[in-house]
Every structure is written in structure tokens, then in C-alpha cells.
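What follows is a set of structures for review.
One chain, subunit A, links the two complexes that follow: it is found with subunit B in the first and with subunit C in the second.
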Partner chain A sequence: MPATVIAEADPASAITPPTTPPSFGTLALRWYRLNRAGLRAIAIGIISLAAFLLVWHMLTTYRVVFFVRFTNVPSPLAVYASFTKAIHDPKFLLHVLLSCRRIFFGFSFAAIVAVPLGLIMGRFKLVHEIIFPVAEVLRPIPAIAWVPMAIMLWPTNEQSIVFITFLGSFFPILVNTLHGMSLVDPVLVRAAQCLGARERSIFREVYFPASLPHIFTGLTVGMGVAWVSLIAAEMISGQYGIGYFTWEAYSLVQYPDIALGMIAIGVLGLGSSLLIRGAGHLVMPWRLK
Partner chain B sequence: MNEIPTKAPQGHIEVRNFSLSYDSIEGPVQAVTDTQIHVKPGEFVSIVGPSGCGKSTLLNAVAGFLKPTTGIVTVDGERVNGPSAERGMVFQQYSLFPWKTVRENVEFGLKMRGMPRSQRERAARTLLGLAGLEAFEKHYPEKLSGGMKQRVGIVRALATGPKVLLLDEPFGALDAQTRVIMQQILTNMWQRLKISVLFVTHDIDEAIFLSDRVYCMTARPGSIKAEIPIPLERPRQQSMMMSSEFLALRRGLMSLIREESLKAMGGEISDMGMQGLNIELHGHSLADVI
Partner chain C sequence: MVRHLPTLSIAMSVTSLALILTQPASAETVTLGIGTQDTTSNTVTAGVVIRQLHLLEKYLPKDGKYANVKFELEWQNFTSGPPVTNAMMANKLQIGMMGDYPLIVNGFTFDSNPESKSRLIGVAAYSLAGSGNGIVVHKDSPYYELADLKGKLVSVPFGSAAHGMVLKAMQDRGYPADFFQLVSQSPEVGSTNLQEKKIDAHADFVPFAELLPFRGFARKIFDGVETNLPTWHGIVVRTDFAEKYPEVVVAYMKALIAANQWLRDDPKLAAEKIQEWTGINKEVVYIFLGPSGNMTTDPTIKPALIDAAATDVKVLQNLGRMKEFDPKKWVDDSYIRKAYAEMKLDYDAQLGSTKNYEITGEDSFCKKPIADPRKAGEVWVDDAGIMPFSSTACTLGAYADFKAKGKKINVAYVFDTTRGIKLFADQAFFAVGNGEVAPFLLKKDAEAYAAKISGKVLGFDDAVKAAVGGGKT
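Up next is the complex of A and B:
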């Protein structure tokens, strides 16, 4: 009798796939049913973006003045016109490229320093006790407030802008890495220990992968702050870059370019956080649903 | 090659004059006191007791996670100084590495030992096959049911060929049916591997069904209240749980534990709780019912 009980209750048997492959039609229908919520979100997203453009268009063509003044705000069509001009303009592309390069260096240095530092601080109390107070004092200082200091510290403008970007993303990455380390399940550490793992292996095989989800949260937030800091720095002390482009457009009374610069910043920010999310999926396949 | 297999039997756990206390603001708190237990090579021994009696503390000391305040823990005469792959452990919360696939989890101990990849992959596949899990080797633990997770947990602990297997309420989070199957799988593996097992549980039936011997602990501070040999023959069948022999053992253990549980909850039971209970007891005294 016990044998049949085992066969029935074995959880493995519940997951065996059906024997005959279903037809394409049924597969498509099933796929639709499973993804209905996602498709709906996409459809509504498109409608809502279109509505946003329409409202923007109406507000600018009728030059609405109601507390806020839309008199000088460029219309979506004007912005589109300056966009088609800009993509053939090597100077505009240079602005974009330089901003991206600054983000790349600033953010990469921040990640390369903050992640290992956070891991080590999370593991070794003494390091934490030494570095944490300094970090806590420096952390609330907005990266923009560092601009004058950065200009004094670094010989070139380029370096000081990269430094500002670095500072902006450094602290979110550090804080989230630390948070991830503090949440590592001690039972997993024990499990590794009684499988013969030594300190270094535990660090590599348990602490690091266990903290990865929080590290990636830190990277995502850090990327956002990196753009905020970069644009501010470029507006104040830049000669190139998309932030400088936007500010310059205002000074030169080229209003459509203001909106173009803003949209470019938005798209670049979105693109870079998508990149990080994609990297997260690659590095953490176990988190995929 | 000429090694003669005259080694002393493996996996002899001995805990002598053991006590463990920790500091608190009100002074040292005694968790376990004056405890002696032993597990002979190849023996299956359980520890039962009321919750908070320190049975897990005792197990963690054998594993090497906790240092005894007084006394000594040895395995095959060697003092336990910290966790080691010689003492495999299975946890109630499964504690599989979520970022490793089922096979990588099982391979972990072998990897730590420096076994080359292809060799440990083969070893892990064989072990997973024994547990009926080869179809799931590439799954991440999150996708598995509780029973499957714990099978992986047991296989992982056994992969390095430990001398003893320590289990801390391993089936506590499983439903009743899965639990029965897991007990059979564990018994099966234990009999094949001839490994010593120290098993902590609060389930009396489980302790009797699985063990050669059961230690019953007192309420905190924990110590050994009784040592009960389980003379039931092996292999054991589910049907034996209805036998008069089993039921007699069960009754005996039950009353031992109940005494201790009542002691542990003493305060609550004696004042208001007692009145509350009496209402449901229809005039019988508490002692009659227990």
C-alpha cells in the first residue's frame, strides 16, 4: 500500500508535460490568455503617450495662459522639426556622445569602487565602523553642491564633470550594497560552512550573489542620480554635453531645442536604466519569473 | 591500496557534561545544562522536547556553530571546533542557495573540496537520480515544492560523504503526506549509507517511527529527561504506527513531553488559563484529561 501512496503524492508527477504537442492555434490562444495583462498595459501605455502629445499640442497651438504660460513653449511639431535637423547635425551628436561618455566613466568608477567597498564593509565590522561615519556625513551633500569643489580639485573641466557624476551614483550604490549584505540569510552562510566552505568561498558563493539584487537596485538608482548630477554639472560648467545644449538653447532663444534636449535626456536616462535591468537579468537568471 | 579496513567505526558522536549559556542584561541565561548524549556509528537518534528546550542549540553545538560553555563535543574522538563537511546538516528552512540550480546546490560541497567540474557534475547527477530529482537538475530551488527542496537539501548534505547527518526539524514545514514520504526517503538513505543520524523534531510520531533511540529533553534550561530505546523492528512500515507497541511508546513519550511543556508554560496555565480550560473540560480536572 505505501508504494501507491508515494506514486500519487509525488510532486514530480504533477509537472510532467502533456504528451501530444498542441496546434499553433491553441498555442497562440494560450499565449494571448497568459499575456493579456501585459498586452493591455502596452496598449494603454501607447494611448496615454498619444494623449500626452495631443494635450501638449493643444496647449501650445492655443497658447494657453492659465497660471502657467504656454506662450513660448514649443509645440510637439516644432520639436520634431528641430529633432530631424539635429540628428544630421554632428554638433548635436557630439553633445549626446560626450554626455554618454561622462556617464559611462563616472558611473563605472562609482560601481567599481562602491560595490566592493560595500561588500567589504558589510563583511568586516571594523571597515564598516571606520568608513560609515565619513560616508554618512558626505552622503547628504548633493552632487551639484560639489561643483565648485570639483572644479578646484580637478585640472580639467571634463574631469570635474565626471567626478560629479561619480559622486552622484556612488552613494546609492554603496548604501544598497550595504543593505543587501545586511540582509544575507545567516542560515545560508551556515549551510555553506557545513559543506566545507571557507571565508573566501562564502564571500564569493553566498554573500555576493545574495546581495546582487540589492546591488542592482543600487545601480539603477545610482544611474538615475548620475544623470541628474551630470546635467546639473553640464549646465553650470560644461562646454559640451546634452545639459549644456539644453541650457544654451535657452540662452540663444531656440525654444524647440530646450524641449529636444529635455526629451533626449529622458530617452538616454531610460535607455541606460534598461541596460542595467538587462544586465541584471543576465547576471541573476534565478530571479526571472 | 594495501590499506586494511580496520579503521574504528565512523560517526560516533559524543556530548559530555555539556552546558551552554549566553549573556543577557539580566545576567547569563542557561539554555542547556548538564547534558550527555551519544550516537553510536550508524545509529539513528532523535531529540524531542518542548519548544525552546534547547534541542536545536544542542544540535548546533554538534554542528560546530555554537561553542559549549562547559563540556565537550566529539565525533570519533575528535573535538568539534567549528563547522565542517564531516558533519552534514539539513535545515528546516531548506536553505538551498537560490542562485544555484538544483545540481549546483548538490555540487557545492564537492566544489569546496576542489573536485573538478566534470567529476562533480557526474556525482551530483547520480545522487539526484537516487532521490528521483534528475529531471529537475537545471531548475532553481524557487520552482520546487517543499518536499523536493528538502530532498535536495538532504542530498546536498550527503554529497560530501559526511560521517554524521544532523537534521534540525527538517520536515517541520511540510504537509502531513509529504512528511511521511520524506521520512521513508530519509530512512532509505540512512540504511544504504550506514551513516549516523542526529535528528531534532517536536513530532513524537516522527521520532519513534525513524529512530533507534529517542532522547527527551526537559523544559528550559534543557537537559536530558529520558532516553528511550525504540525496539521496533526494521524496515518499518506505516502500519506499525497503529501497533500496540508503537502506541505504548507514543503514550510514554507524550506524557513526558507534556509534563515539560506544562512546566514551560507554568505561569500561563496556573492562573487564568486554568479557568479557561476548566470550562471546556465539563467538570473533569485538568489532570484527568492529561
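Up next is the complex of A and C:
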């Protein structure tokens, strides 16, 4: 019953301010109680990851063939060996850094363009009618199909790569923003209008905050897709990037390196999604549990 | 590489799933997956020709233990070797074909496969001098030879035969590892990048070093012959399949021999058909596979090719891409030998011969027979076919004559005077003087020769005029 404990402790400290700070033990206990749910999630997360590694290890060590064949899938230890080799190689760090930079630019541009565009499309029917069909046609085109066009469109390869990650994240953000706009409660809009709010204020005070949760969903999905597009995009680079690293490993048929590249993309993708979620909490404190 | 990635693999897994589910576990059906590289013109006799002409079906065993067996052939096309290796490792393909470097990687990768190894069972085509791989630049660029590319951005598909050629060329000339800015790009990406001038040069395997110049935006400045290291494409098989169905593998080798024969019987028709099947221009196919072409199609496994493979292994080891691998132990010529024996052909005689089939016939312009095919030339007139001519001067003279008569000319071929490789005449540099017209791939070779005969270096159009005027400038 942590709630009652805190309730009992609080009035006392409020009445007589403590002369001595609470002991470390008390603080730790209090911190533990406050963050119990979070800690539990982390602990379970670690256990599930460990279980995943263990299952992977067993499947590959015993080369299990049960319809799905693990005969030649690299084991976690082989991938770890690749990893230790890779981190001693400054090039690997460069691969990671360059990919992060490309994702950062591609994703940022996508957010800067897609969010306002989605808001405007949601508000003005004509803009929606003009842009929506084009967007719907372009949306299903996979990143890899864009490679030749991207090379021809942009003067440098770095721009072509950023362009492909931009495309990857652009559409999820746009679609989610539109969705958010369509769900804005018309009663709120009418209320604001009755109170004499002008278009700009309604936009700022009603539409934007109301669609923010969906915008952030779009950003999270968009970030994921940006990483998905990475291998396709970095085929152009021919030199650096974690997607390129994976691709090169494929062209030399080095399975542990392929797995290492996949995992690196996964981990980086997770990290960037966490960043977005963090930003979401900062921007929308009212949505904190 | 680009095309097959997600959709095809999904389609593949769905089909294989459906196949597994619908098939009874009896030995009634033998499924044979064959990974081809249709656009890599070198491998066509081992892949697309056999498929399109149904040659394998013709030779598959039908009696004895195969009396009740139904064969299920699954052909899959890729644009490079590594995906073939990947599918072979996964046992989706049992036979695959690829260039020298990917082949070694294939053999080495299979070393750690507990189910099966891979064995080299035949050769599709080879060039002992190393022609086929090449380096091209944009046609408007100021680069005319390898040394001009110092510090420039050069792309090559890593792990390909062309990569090996670049490394060998650098080694031969004592260039440091950072002489070029070497990056890895697949043929598709590299070609587009070259067209857009994003890179200074692109090194690639068959047929791109000829195809890109033919498509009009590139110029070849380095040919693999300058490395003098053989390049070749071969066929590998999974040993678990080959040991269980050796007769099927022998049948495949017979189909390969038959495809080879078909190609040589009518190279023009073959080039046209291959264009229809693969989309590679017939003029480009013909420069590789036609008579006196830059590739020799020959299924026998020549020791020189295996020695070259050993050299390639060292290159990969130096790059830290490979550990121990012995190409000699990886060769298994029993199937191809059996195929030769059963078709009553002499394997050892073919093994000892490194002769290509050459241009023959009568020069209809200069009215004399063709004596030296590597000094000769050919003109492909759209409706009249491919005509041989005894010398470069006669070839260019005939070209001018056809033009004057208003004929549509597809392409003209001549041979590099010193290296003997077949060239597109309109891409060559000609040393002209003293009644002589000598074509060259490289401007610098043409200049040196022109200085020797106190002549001049001319482009194609001027060379044609000079040839008509009797070789005077």
C-alpha cells in the first residue's frame, strides 16, 4: 500500500519541515516506489531480450530445422564476434554516425514539410483535393524503387540519400496529421468561433493541440520507416552508412555482418523512436500518465 | 540486385511454401532450382539459352531410377552472384552461375554449411587475357587512361570480378590503396551515377563496360586485358543434390554443351534471341559471344582459370574477406567429363584448347579471303546481316560504301591493333598514316602508334574518310 504510506508521511513533513534530510535508504525506497511500474517494465524487457537471445542461440547452435531452417543463420556469438571486431574499427563508428546524420536531416525535413502540409490539407478542402491524390499515388512506392530517380534528381549523392529517407518518413507523418485533423471535435472549433477567435487563433489553440497526439504517432511511425528506407538509400553511397555496411556484407555473403547491420539498425531505430516519444511527453505534458 | 529484393523473395517464400504444402513426401518429384544471371552476357549459355530452348528437358534422364520421376525446374534470375549464393545456401537453388570472385565466395561460404558444400562443375565463358571487365568514364570527361583517375571517385561493385580487376590493375602499377577514391556501387546504381556525372569512373563486369558506351554516354578507358589475369564465369552445384542426382547434373552439362553449339552455329540469330530474352542489345552480346569475340564460351575447366581463382583468393584474403580456401579441391570435373563422354566428344582435347571460334569467310568489299581474324572487322547492316572484312581499312571502306547506298548500319566492329580485343569501331581511336589504318581502344596507344608510322590519331568519322581516301590523312 504505497499510496497510504506516502499520504501518512506527507502531512507530517508539511507541518514540521525536516531539520535533517531523509536518509539515503528512505530516498531510495521512495524513488523505488514512485518508479516501480517503470522498473518492472525495464526488468521484463531485459528478461525478454535475454530470452530472445537464448532462443536464437539454441536455434542456431542446434541448427534447428522445423519448417523454418536455422542451419546457416549466424549464432549470437558469431554476431558478437563481428561486433567486437567492428567497434575496434573506426569505420564502423563512421557508418553509424553518417547514417544518423542522414536520418536526422531526412526526418527533420519530412516533419517540417509534412506537419504543416497536413494541417493545411486538413483545414482547407481545396488543398486536400489537390494534394491528396498525388500523395496517395506516391505513398506506396517503396524506397528501393526510388533509387535511380533519386540519383538523377539531386546533384550530390548525400542529397539523394537524404531524399529517400525523407520520402520514407514523409507519408506516415502526413497521413497521421491528416487523420488527427479529421478527428478534431467540431464543437471545440465552433465554441472558439463563438468566442470570437480568428482563423489563426483557432489553428493555434484548437486544431494544432488537438491533432498533436496523432502528429506524434506519425512522427514515430515516420522515424521507423526512415530507418527501413536506409538500406535502399545507402546503396547509392557506396562507401559509408550502416545500411551500406549491411549491403556490402550481403555482396560478400558475410552472414554475421549482415545480422550485425540489422541489429544496429534496429537499436538505432529504437533509440530514435524513444527520442521522439520523449519529445512528445515534453510537448504534450497533459498526456503524461 | 534492385529488382529482386523484397517482392520476389516474398513471392519465392510463398511459392516454396505452397510447393511444400502441396507436395507429397514421395520421391516422385525432383525440384531443381537454377539461379541464372540473364543480363550478365557471359553466363547466357549456362542459363537463359538452356531455359528458353528447353535444352535441359531434352537431356534429363527418363529411365532407370528416374522412370517415375517428374522434374520441376525453377529458374530464377539475378543481376549479380551473391544473391544466387544466398539462395543456394538456403537450398532454394541447387545450381547457380556467377563470375570468378562471387564463385570463390560461394565455395568459401559453403565450407561452413553443415548440409552441403558447393562444387565448381563447369565454365560458362572465359577470357584468358581478362577482357570483359572494364572501366568506363563519362564520354565528356577528360580522362583517357587509368593514371588520369588519380584521386578521382571510382565506383565498382565490391566482391565482383570487376573489383578484382581494379585491385590487380592497381597492384600491377604500384598504385597505393588510396590512389582512387574507391566506392562500392552495384551496376544499376553505378550506371545511373556515371550518367549523372556523380562519379568520375565506374568499373564493372560483363556486359556493362561495353553496354554503357554502346548506350551512348560512356567511354571505356581501361580493359581487363591490361591486367592479363583471366576472368571467367562458372557453374556451381550443391553437393547434396549432385550426389543424390548425378545424372541430372550430367544432363545439365549436356544442355550447356548444346547451348554452346547453338550459339556458335548462328551467332547473329543467337545475339538477336538473347537480346529478346535479356534486354541486352544484340550488338553488345555479339561483341562478347560472336566470332573472335572477347569471351570464349567453353564448358571445360581449364587449369589456368583455377590458378587465377587462387590469385583471387589471395586478393580477398589480403582484404580480410576470406580465410583458408583451396580452389583446386573445390573443382569437380566428373560431371562435365561424363557429359562429354556420353555425347561422344573429347573432353581432354577441348581442355587443352584455348581457341575461340574466329571470323572467317570472304571479304566482299576488298574481294579477298580473311587471313587474320584479329586484324579483320565486321559491319552489321540492319537488313543484310553481319559481313566480315579482311582489314580495318576494308571494314571502314565498306562502312562508307553501305552508308553511301543509304543502308542502315547497326554497328561496325574492329580489333585493337596490339591487344586483339574486339571494339565498337565508332568508339575506337585510329592511328592513320602511310596507307595504314590501325584501331586502338586507348588514345595513348593510338598516339604512340601514330608517332611510329608518322601518322595522325583520328576519331571514327575522320578515320572512315581517311580509309576511303586510301589511308592518307
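The criterion applied here is as follows: the second predicted complex is superposed on the first by the 225 of 289 C-alpha atoms of A that agree within 3 Å, B and C clash if a C-alpha of one lies under 4 Å from a C-alpha of the other, contacts with A are read in each partner's own complex, and residues count from 1 in each chain.
Criterion: contacts are C-beta pairs under 8 Å (C-beta built on N, C-alpha and C of every residue); 3 or more make two chains touch, one makes a residue touch a chain.
Quick caveat: nothing in here was measured; it's all calculated off a predicted structure.
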item: Touched partner set for A:A81, first subunit B, second subunit C, both or neither; value: neither
item: Touched partner set for A:V253, first subunit B, second subunit C, both or neither; value: second
item: Which superposed partner A:V113 touches (first subunit B, second subunit C, both, neither); value: neither
item: First (subunit B), second (subunit C), both or neither touched by A:L59; value: neither
item: Partner chain(s) touched by A:Q239 [first = subunit B, second = subunit C, both, neither]; value: second
item: First, second, both or neither for A:L97, with subunit B first and subunit C second; value: neither
item: Interfacial residue positions of subunit A with respect to subunit C in the complex; value: 63, 67, 69, 71-72, 142, 144-145, 147-148, 151-152, 156-157, 235-239, 244, 248, 250-254
item: Subunit B to subunit A touching residues, read off their complex; value: 63-65, 82-85, 87-89, 91, 93, 95-100, 108-109, 112-113, 132-133, 135-136, 140, 142, 144-145, 147-148, 156-157, 160, 177-178, 180-181, 184, 237-239
item: Residues of subunit A that touch subunit B when the two form their complex; value: 1-2, 5-6, 9-12, 185, 187-188, 190-198, 201, 205-206, 209-210, 212, 284-286
item: Partner subunit A, residues of subunit C touching it in the complex; value: 1-2, 5-6, 20, 80, 82-83, 85-86, 89-91, 105-106, 109, 112-115, 155, 157-160, 183-186, 188-190, 192-193, 195-196, 198, 321
